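Each chain carries a letter (A, B and C) given by its place in the written order, and its residues are counted from 1.
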Amino acid sequence: MASPMRSLAPEPQFATLEQQTETAQLGMWVFIATEVMFFGALIFTYYIYRLIYWEQFRLAAADTKILLGAINVAILLTSSLTMVLAVNAAKEGRQRALLVLLLVTAALGFCFLGVKGYEYVQDYNSSTVPSVNFLFKSGYHSPAELFWIFYFIATGFHAVHVTIGIGAILVMSWHARRGRFSPNYYSPLEVLGLYWSFVDTVWVFLFAAIYPLGRAIT
Amino acid sequence: MTAIAADLPTSYLTEEHTIASWLLTKDHKRIALLFFASITFFFFIGGIGAMLIRLQLLSPYGLLLQPDMYNRMFTMHGIVMVWFFLIPSIPATLGNFLIPLMIGAHDLAFPRLNLGSWYVFNLSGLFLLYTLFVGGVDTGWTFYTPYSTLFANGHVIGAAVAVFVNGFSSIMTGLNFVVTIHRLRAPGMTWMRLPLFVWAIYAVSIVMLLATPVLAMTLALVALERFMGVGVFDPALGGDPLLFQHMFWFYSHPAVYIMILPAMGVASELIACYARRPVFGYRGMAYAIMGIAVISFFVWAHHMFTAGISVYAAVVFSLMTFFVAVPSAIKVFNWTATLHKGRISFDAPMIYGLGFVGLFTIGGLTGLMLATLPVDVHVHDTYFVIAHFHYIMVGGTVSAFFGGLHFWWPKITGRRYPEMWARGAAILTFLGFNLTFFPQFILGYLGMMRRYYAYPPAFQEWNVLSSAGASILAVAYALPLFYLGWSLLWGERASANPWGATGLEWSTSSPPPKENFARTPVVKAAPYQYNPEDGSFVSQDGVAHA
Amino acid sequence: MQWLPFWPPDASNTAASIDKIFIGELSLSLVILCFVFGMMIVFGVRYRRNSAADRSNLVKKTWHWELTWTTGSLAVFLALFVWGANMYLWLYEPPRHPDLEIYVVAKQWMWKAEHPGGQREINEVHLPVDKVVRLLLTSEDVIHDFFVPAFRVKHDVLPGQYQTLWFKPTETGRFRLECAQYCGTQHAHMIGDIVVQSQADYARWLSQQGVHKSLAQQGEQLFRSFGCSGCHGANSTVHAPSLTGLYGRVVHLQDGTTTTADERYLRDCILLGASHIQVAGYPPIMPSFAGQIGEDDLMKLVAYIQSLSRQQQASP
């Protein structure tokens, strides 16, 4: 049973390598569609409550650490760039650049998680962790806690997806080091790049939905 | 395996014999059999629940089970039957086996993902069995809040996790089918030459992919609320219990179409073959399948007409529900018309297929009654609803599943089953089923509530009839176990195409070799090119047969 | 419909209409079933494998037939929809002036009903025949459902909210009340009786209950003991909206929108305070009484505030 990484022959169910590549990409797009429904359900629910409890959500959102959130946007967007550059490097056969760029992408992913973790600590310190350490400040009512519940569920699930992505990137880095990718075969990188861009996009949406609410600019 | 395959040529069954070759297989045909084993196991678990329910309801006073145990029993029955039997049944067994064969491919697009799906399914099954073992849950398969989040003292989180993980299995299978049907069709297999079974699996897969993630999020929120005391659906914290219902039914309504669409696909295959004529209105049938899949996403709140939604919302959803009934009606009329000027034989698969059409029609007509708002107000949450969905899911899907199992049995196993026994089981199924569930329509309108462990003594006669029917149904479902099992060892050897059917799967040996086809087939004909005048047919690879 | 065997009693003004639609659909279903089954049997016999029937000239332009039965189905379905939706809107639109208002609180696993005169019942609701009844329903814990098969009425009862249900009983007798939303272990025993009596008998029953204070009067007591009169009373120095005539009136909110002061509005004001309801022209200082007032007491307060509107209507 030849692993797809080992030879340039397509798997037995495919007629050509090109068919295999296109199929893999379609598969990732379909998977992304399911993820859109998953996060979409949560974001939709969030917006419903936000509509009903407009004032409370504004109050609660003012306590979010927007600077950290924004830094994370920058980190992920940069990592998407490095990911795209990595795919390009593979396409052009630049093995060393490919490996470096993959590792940088993974490192940026780790940075994201680090910043997120630091942000969670800050959230704990400012007593905005529902059911664990939540303080009802003046003017707060139950819906304020609801805002924070959504914040943690959304960013929590997102962080899980980032972690899985980092794992996949590290696996790809290992394969890259073994010289498994070439201008003739780099499909797994494209597919992973698609996933990583999606994870990045979700963060942008989450950021826009969560952080700017309740600030002077809105 | 050697005894079973004793006199069969080399095939996917005999290719390798080790346990590892089965548990680590990438062959979609073996994976189909693995799934078959799993879902059959769960069918029995769910069936035990059904048996206990019907035994309990023989008496109006609730003598057999403690109330709490009864409540856990019907919950288990629902969860197991919906997620661990019905939803995977046709897609993961017949779909897995047949889709590559029908489109002329050598396997699915992602064979490892396919095997992964089976393991994820079993993992979710383990979670569920653990939940049942430590006492089960009593919320009903619908998990309504705030009962499930704040008041239930069963293992809600365990059940929620089990279903959450199960959803991944659905998604993995659905993804595989969608991508395979798009990309791996053999040369000449255009969309409008696809067998209707493939269309059905394609539509089902799309629904699975788009709906299941919403269930996943909903259950995650329920589990988190219960575990952490956060109040997404808790009214005391400003949450809305109705929101849970909207989210739950947004998945669960399309889910019921996940359960029926593959059965409709099977029915078309069976009826065309045994009527020896093309399906009436192939294009319309294909569009109807897609239409049902699309509209199914817009009717969810017809489960909530009495829940406290606005009357105007209810009116909109009632209208959409009537719309989704139209393509179903088209299919019923087209199946009936497919019998016109046919050359009909009544082998067991055909009996199951025609039984499917009849029982689905009854179920569908009662669906119209449920779509009618004021009638639904009266019969919602009564046995009328139970009868309606069992007519569709059991009378419909399970009949079609058994029909398909018999139809493709020679292809899958290389053996013929004993026809007379099979016809007897099919007829017994039809009769037993009607005796079980028709009285429940009457009970429902009279006002017998669902999920009640006891009922007014005036309802006892109908309940006794229903339980009697259930015992007949149990026999009818158990019979195939015996004669199909018998056929594995002593059944007559099957030829490549014992039924004279036109699909590509019949142009390869029974059972097929591991790679399905020696050479990739080239498709030259539309499906169902049966000629009823003389019984001749043209199979999809273009070969004419007398 | 009583002459039909196996038919539930129809004892409300709506039951007969609902039965009519149902029978209509039953008949239609029977016709369709006879047609479909009939065709299947006829074709099955006529075109069985060994018969000598003519099988030439299969229909090529199937779309003619398909269009026919598609438009036919659609037309029939739309007709059923209109018939049903019409009746449903009428069924669920509560009457403006019900003859009688009953306050129902559901909890695991019993029904508590209170009459305006203060009479309380558990798992029974006495009603006068031929009077329009409006129920105000809420739950103390999980979602229940108030279902009377003989009346063909049903509505979920939600915690934290008020739901309304109306009907007019047209027959005297005892009619089963059932909980129609799974609510826990004893869901099957959350049953009771609606006892419909002649108006004279009902009046006699009311007077025999040994109640001295009506619901509204009990509410007035609570209005003082909870401190509401401190702000909303006639002599208060606090600028708070007057409650006389409030019930049923349009209220202008701070953000420019309007709402109607129905039971839900009153309940939300009391339980959520100024965080949720900011009335135009008044400072947002009303506190929340969440957790301090039980459902029974809430209903009494609501009944009291409702009575202030009726007094206003009664007096010139």
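Convention: a contact is a pair of C-beta atoms (placed from the backbone, for glycine too) under 8 Å apart; a residue touches a chain by one contact, two chains touch by 3 or more.
Every value quoted in this text rests on a predicted model; they were computed, and no experiment measured them.
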{"item": "By number of C-beta contact pairs, the top two chains", "value": "B-C"}
{"item": "Greatest separation from chain A - chain, by CA centre", "value": "C"}
{"item": "Chain A-chain B separation of Cα centroids, rounded to whole Å", "value": "35"}
{"item": "Intercentroid distance (Cα basis), chain C paired with chain A, Å", "value": "46"}
{"item": "Multi-partner residues of chain B (each touching 2 or more other chains)", "value": "236"}
{"item": "For chain A, residues contacting two or more additional chains", "value": "56, 141"}
{"item": "Where chain C touches two or more other chains at once, by residue number", "value": "none"}
{"item": "Chain B partner contacts - residues on chain C that touch it in the complex", "value": "6-8, 14, 17-18, 21-22, 25-26, 28-29, 32-33, 36-37, 39-40, 43-44, 47-49, 53-59, 62-63, 65-66, 69-70, 73-74, 77-78, 80-81, 83-85, 87-89, 91-93, 108, 141-143, 145, 147, 149-150, 152-156, 158-161, 163, 176, 178-189, 290"}
{"item": "Parts of chain A lying in touch with chain B, wherever the complex brings them together", "value": "1, 11-15, 19, 22-23, 26-27, 30-31, 33-35, 37-42, 45, 48-49, 53, 56, 130-132, 141-143, 145-146, 149-150, 153, 157"}
{"item": "Touch list for chain B against partner chain A, complex", "value": "26, 100, 105-111, 171, 175, 178-179, 182-184, 209-214, 216-218, 220-221, 224, 228-232, 236-239, 243, 247, 250, 515, 520"}
{"item": "Residue ranges of chain B touching chain C (in the complex, touch as defined)", "value": "62, 67-68, 71, 138-140, 144, 146-147, 150-152, 235-236, 241-242, 275-278, 280-281, 283-284, 306-308, 311, 314-315, 318-319, 322-323, 325-326, 329-330, 332-334, 336-337, 339-346, 354, 357-358, 361-362, 365-366, 368-369, 371-375, 377-378, 380-382, 442, 445-447, 449, 451-456, 532-533"}
